[in-house]
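You will see chain A twice below: alongside chain B first, and alongside chain C after that.
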Partner chain A sequence: MRADGRLWALIAASATALMWAVPFAWMAVASLRPGVPPDIASLTPSGPFGLSNFAEAWTSGSFPLWYLNTLLMCGGILAVQLVTISMAGYAFARLDFPGRDLVFALFLLQLLLIPPLLIVPNLATLVSLHLYDTLPGIMAPYFASAFGVFLMRQNFRAIPKDFEEAAMLDGAGVPVLIRHVLLPLARPGLVAFAIVSVTAHWNEFLWPLMAVSSPKNQVLTVGLASFTSGAEAGSAWGVVAAGTFFVAAPLLILFLVFQRRFISSFVYSGIK
Partner chain B sequence: MSIEERALGAGAVPVITARRRSYRWLPVVTLLAPSLVFLGLFTYGPVLRVLGESFAVGRFAGEHAIGLGNYHRLFADPHFARAAFNNVVFALGTIVPSLVLALALALALRDTNRFTALLRTLVVMPLLIPLVAAAALFSFILLPGDGLLDFYLHKLGIGMVNWLGDTDLALGSVIAITVWKNTGYYMLFFLAGLAGVPQDLLDAATIDGAGAWRRLRSITLPLLGPTFGFIVPIALVNALTQIDHVVTMTQGGPSDATNLLLYYIYQQAAQNYDTGLASAATVISVAALLSLSLISFRLIERGVHYES
Partner chain C sequence: MTEITRRTALGAALAIPAAAAMARTAFAADPVEIDLFFPVPVQGKLADKMKELIDRFNGQHTDIKATAVYTGSYDDTNLKTRAAIKAGKPPAAVIMSANFVREYVINGDVDPFDPIIEKDGKTPAAFFDNFWPALKPNAVIDGKVYGIPYQNSTPLMYYAVDAFKDAGLDPEKPPETWADWVEAAKKLTKPGGDRWGINFPGTYDYCGWLTSAFVMQNGGQYYNHDYGGEVYYNAPSTLGALTLVDTLVNKAKVMPPGVSDANACTSAFFAGRLGMMLLSTGSLSFVRDNMKAPYKVAFLPKSVRNAAPIGGASLILPKGNTPERQAAAWTLISWLISPEIAGEWSRFTGYFAPRKAAYDLPDMQKFLADHPDAKIALDQLKFAVPWFDTFNTVAVRKAMEDQVQAIFSGKIAPADACAAAQKAADELLRPYVEQTALKVVG
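Let's turn to the complex of A and B:
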């Protein structure tokens, strides 16, 4: 009886998972079918197959520029975040000061008040800082990360104080201590944070859409939106599938290769 | 001397005994300053600014009065009422099914072997792609006539359906895309939570004659309390901010059927240049999010034990 229940549960889960995979299966199949076949919806067509949709998507969109901008955005955000979160994380983990818990709670507010929600005032701030329509303008609201500070605090706390005390006896100051003693020991936490941060910003759309206006500053998601609306108008669904593949593939491939690391990082993002 | 003072004593700043009280603040302020500057500019500042803007009325030549005019206009606007109503439907319609499905999948795929790992991967994959990429794929899947869904429904003898163009179906379609996108993410949390449910407790209950449903209700669900406690605030933030597919697929239409609060704010700010209305709508949305999250934060406080 019990084994029966497990079996039915697995069958239902398999059916759900297969349904979940359909959009990806269609993307893969349709992107490989040149021209405008009448049965473009079919998941099991008979051919012909070819790569012309990818060539057409690549030349009609500005993918190299969008990739570059997205990489710069994700890399820039992450680089500054690593500095701000390890500094603040250290303060909350190791220093004792009045009002620490209150300040920490104020930090955590940012988990809810994320930039897309505060579009109106954030745009005004960008304009007054002369950062509107620039890549640093897209990045700036994310330079402080409550989640990252929380993560680093937990990580630093888990490190025995002996390491620091030994380093301090050798005359190391706080900056040296953080950079050369604590951060190397907190590497798993840093990797988890990097994965979550890059995934979040690679996939973000509304804020980059609002924060820039000129095509030269567009990132992948914003480029894809304008690219697909053009291709859809011409019913070039194979090209839409190929363009979507260009945007989705880098993270999907990384995920499939480093699956365990990605999953533990995502879980980390909620629990720790 | 405390550890921190010794650490800093090695730096360039000379230690003066008489100023020790103020001296202790230096490392704290220095370490927190970079974060606080950006939080001030892009989190606290904007909240105060949007609050102020929402009460500013009748701007002429740089001058304005304080009043409730924006809120009066907001509450009189049927588009706002529709967006707020839609957002409640969207929140319930995305959160409840995706959490139930995520928990069911986590329970079914709890044991780790090659097969369950493959199924988990398939369910998690939507999490990795941008919502606009999902929107691009679903634009075709939901396309009336030639689209994937109609193509296969036609084989079952079901006629053409305008999934995104029909006012009765559009919000449901947008909800379905969101459930597809988020379920895997929540499943990961449930899998992690289930790993913390002791197997011997479940075995003992089985020996005592408790059925699967009873074990779920009396053991598993209560022990997953903390997991729910942090998933719900995440899900609430998502329900308010995940509108990329509305922007690219439906633009809030047809006739406001998929208009959501943030899309309404976006329209007022980016299309109508009505800062007052956009600010008042932001204040209402933020207030709703904060108060709803506070309730679930209480659940976290009760359930999660932080290591110290």
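Let's turn to the complex of A and C:
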């Protein structure tokens, strides 16, 4: 019976993996086919194959600039987030202050708001802070993360208080405590949050499109959109696939390299 | 991991002031800075071409520094423009889908061009005579010029010469009426989906555009061209148009069932599996570059009359700009619509040039002589009709599109589709109608 259950689980997992993999496989195949082949939807075409789509995609966009901006954006958001979520998570997990649970509930409520609702108010704030059309402007609304605070609070609460008490006996203050005792122990949580944060912001389209106008501040997703065709003509799918590959590649490579650590982080931190 | 965190933190700390400094120097320069939002509805190369045009403009006008800002699809551009106006950072000018202009006027988010045109010593009416007349209803609203046509298109019929010969049809005599059209499609259709007689995109936007074409060919108006609160979805001319669609897909079975997109149409056309397709004149360059076998283009078939709705985009002036920025934007707009530049953009994109004088230039004359398909697209303009625009345009347009898509799938009879579309549209239009046409005066 048990072997049977494992077999079914394996089949279900493989089927899901296959569904997930088909678009990637198609992207890889289509990006290698020059021109506009009539059977562009095919996963197993007969050729001809070539790299011309990659060359065309690379030259028709400013990929180096877009990579740089996207890295700065994701890195900047994450760096600030790691500080804010650790401190806020600690406050909600360990400090006693009046209205703590109410404030925490208000924090979580923010998760219920759909982001497009906030576009206009956020833009107005950026304008008054003189951050409109700047990279810090794209990052600013994400500096605090309700999800991250929640995650770090759970992580800190799972750590036995003995560690902290021992450190305090040795004369450690709160900053030292967070930095040298709690954060190392909560590392899987931080890594898991980092993955979620970077993937989300790497892939985000609407907010960067709204917050930034100058070409010099453009990020990958917005740049890629200039390849994809719109309403009127047919599109050169090969070039679109090659451009998409450029956008997705860094995250894919990162995942392949750090696969084992990523998965163990997710398992430890309890995010699925 | 802590190592990496520290490094990214450091990187970001260095980067933030640097980026902020970059942004600041951009505002410190002397010339008037203006931004032009533009969508790329066709292909990536257009973005490069636009950049090249703007660089040339800046080279010729040292007192202005214009930046072309790519803003996604027509819908994204609309969203970004609205958000930017609301946030108090309106762009100096926008290339906006021509059928959204009326909503900007209704919402009071754009300035009319009339004062600047008058400052140039022209009357707005005389100024607009420079453009093809069919462009007027989407641009001149309540007697004022709110849109300057920039790139325009109409639907066009493309047909495969080999398929015509194979089916015993004369490629020199494309079908001219709906009846001829259905007959030709029947002859072109091969069983088992090997070759379909006719296909056209049924996706949102395209669907409404072509439906309005059929209704107007059938003698109808489809919507009130002067007032944004009325549509005629349940009129006999509309019922006839939807019956034509139903016939093509479900009775004669000469068109693939379900909703096809533009790519499905062009792919099948290039592969010889489609006899005729209706597609934008904006696709002329794409088809010309990719169709290996011979093809021709023709006017859309007529019922009561010929009719081809306008599509494309106009330049608008968002509200909230300083007079200096508006004047600079006008300089840019005047340059973009000059016959030379308008003609160059038209030849590059496949859109037709809204400025009539563009076609008097030798470059354009030569282009038309070399490309007979572009000439036919231009000739069809004498039958051009305006583009669907109402209050809450997209939702009201979708009210009909959802029903037509149900016909594509054989799920609803044309008469029921008309009634359902009208009901949904009336519901959507009610708030505006109550504030305008039904407003009690007293």
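Simple rule for what comes next: the second predicted complex is superposed on the first by the 219 of 272 C-alpha atoms of A that agree within 3 Å, B and C clash if a C-alpha of one lies under 4 Å from a C-alpha of the other, contacts with A are read in each partner's own complex, and residues count from 1 in each chain.
We take it that a residue touches a chain if its C-beta (ideal position, glycine included) is under 8 Å from a C-beta of that chain, and two chains touch if they have at least 3 such contacts.
Being a predicted model, the structure only gives us computed values, none of them experimental.
Of the two partner chains placed by the overlay, only chain B lies in contact with A:Tyr90; chain C stays clear of it.
In the superposition on chain A, A:Val267 makes contact with chain B only, not with chain C. Of the two partners, chain B and chain C, it is B that touches more residues of chain A.
Once chain A of one complex is fitted onto chain A of the other, the partner contacts of A:Ala225 extend to both chain B and chain C.
In the overlay built on the shared chain, the residue A:Ser60 is in contact with chain C alone; chain B does not reach it. By the document's definition of touching, both partners, chain B and chain C, reach A:Leu123. After overlaying the two complexes on the shared chain, residue contacts for A:Ala79 are found with chain C alone; chain B is out of touch. By the touch criterion defined above, A:Ile159 lies against neither chain B nor chain C after alignment on the C-alpha atoms of chain A. By the touch criterion defined above, A:Val181 reaches neither chain B nor chain C. In the superposition on chain A, A:Ala13 makes contact with chain B only, not with chain C.
Comparing the two interfaces of chain A, the one with chain B and the one with chain C have residues 38-41, 83, 119-120, 123-124, 206, 209-210, 225, 229, 232, 237 in common.
By the touch rule above, chain C contacts chain A in their complex via residues 1-2, 5, 8-9, 11-13, 15-16, 19-20, 22-23, 26, 35, 37, 39-45, 47-48, 51, 67-74, 76, 79-80, 83-84, 86-89, 91, 153, 203, 205-206, 262-263, 265-268, 270-271, 279-280, 282-283, 285-287, 290, 311, 350. Chain contact summary for the complex, chain A toward chain C: residues 35-36, 38-41, 60-61, 72, 75-76, 78-80, 82-83, 119-120, 123-124, 126-127, 131-136, 183-184, 187, 190-191, 206, 209-210, 213-218, 222, 225-227, 229-237, 239.
Residue ranges on chain B touching chain A, taken from their complex, read 2-4, 6-8, 10-11, 24-25, 27-28, 30-32, 34-39, 41-47, 49-50, 53, 101, 104-105, 107-109, 115-116, 118-141, 146-148, 150-152, 180, 183-185, 188-189, 191-192, 206, 212, 230-231, 233-234, 237, 240-241, 243-244, 247-248, 262, 265-266, 269-270, 275, 278-279, 282, 285-286, 289-290, 293, 307-308. Those residues of chain A whose C-beta lies close enough to touch chain B in the complex are 2, 5, 9-10, 12-14, 16-18, 20-24, 26-27, 30, 38-43, 83-85, 87-88, 90-91, 94-97, 103, 106-107, 109-125, 129, 140-141, 143-144, 146, 149, 154, 157-158, 161, 164-165, 168, 171-174, 177, 199, 202-206, 209-210, 220-221, 224-225, 228-229, 232, 237, 240-241, 243-244, 247-248, 251-252, 255-256, 259, 262-263, 266-267, 270-271.
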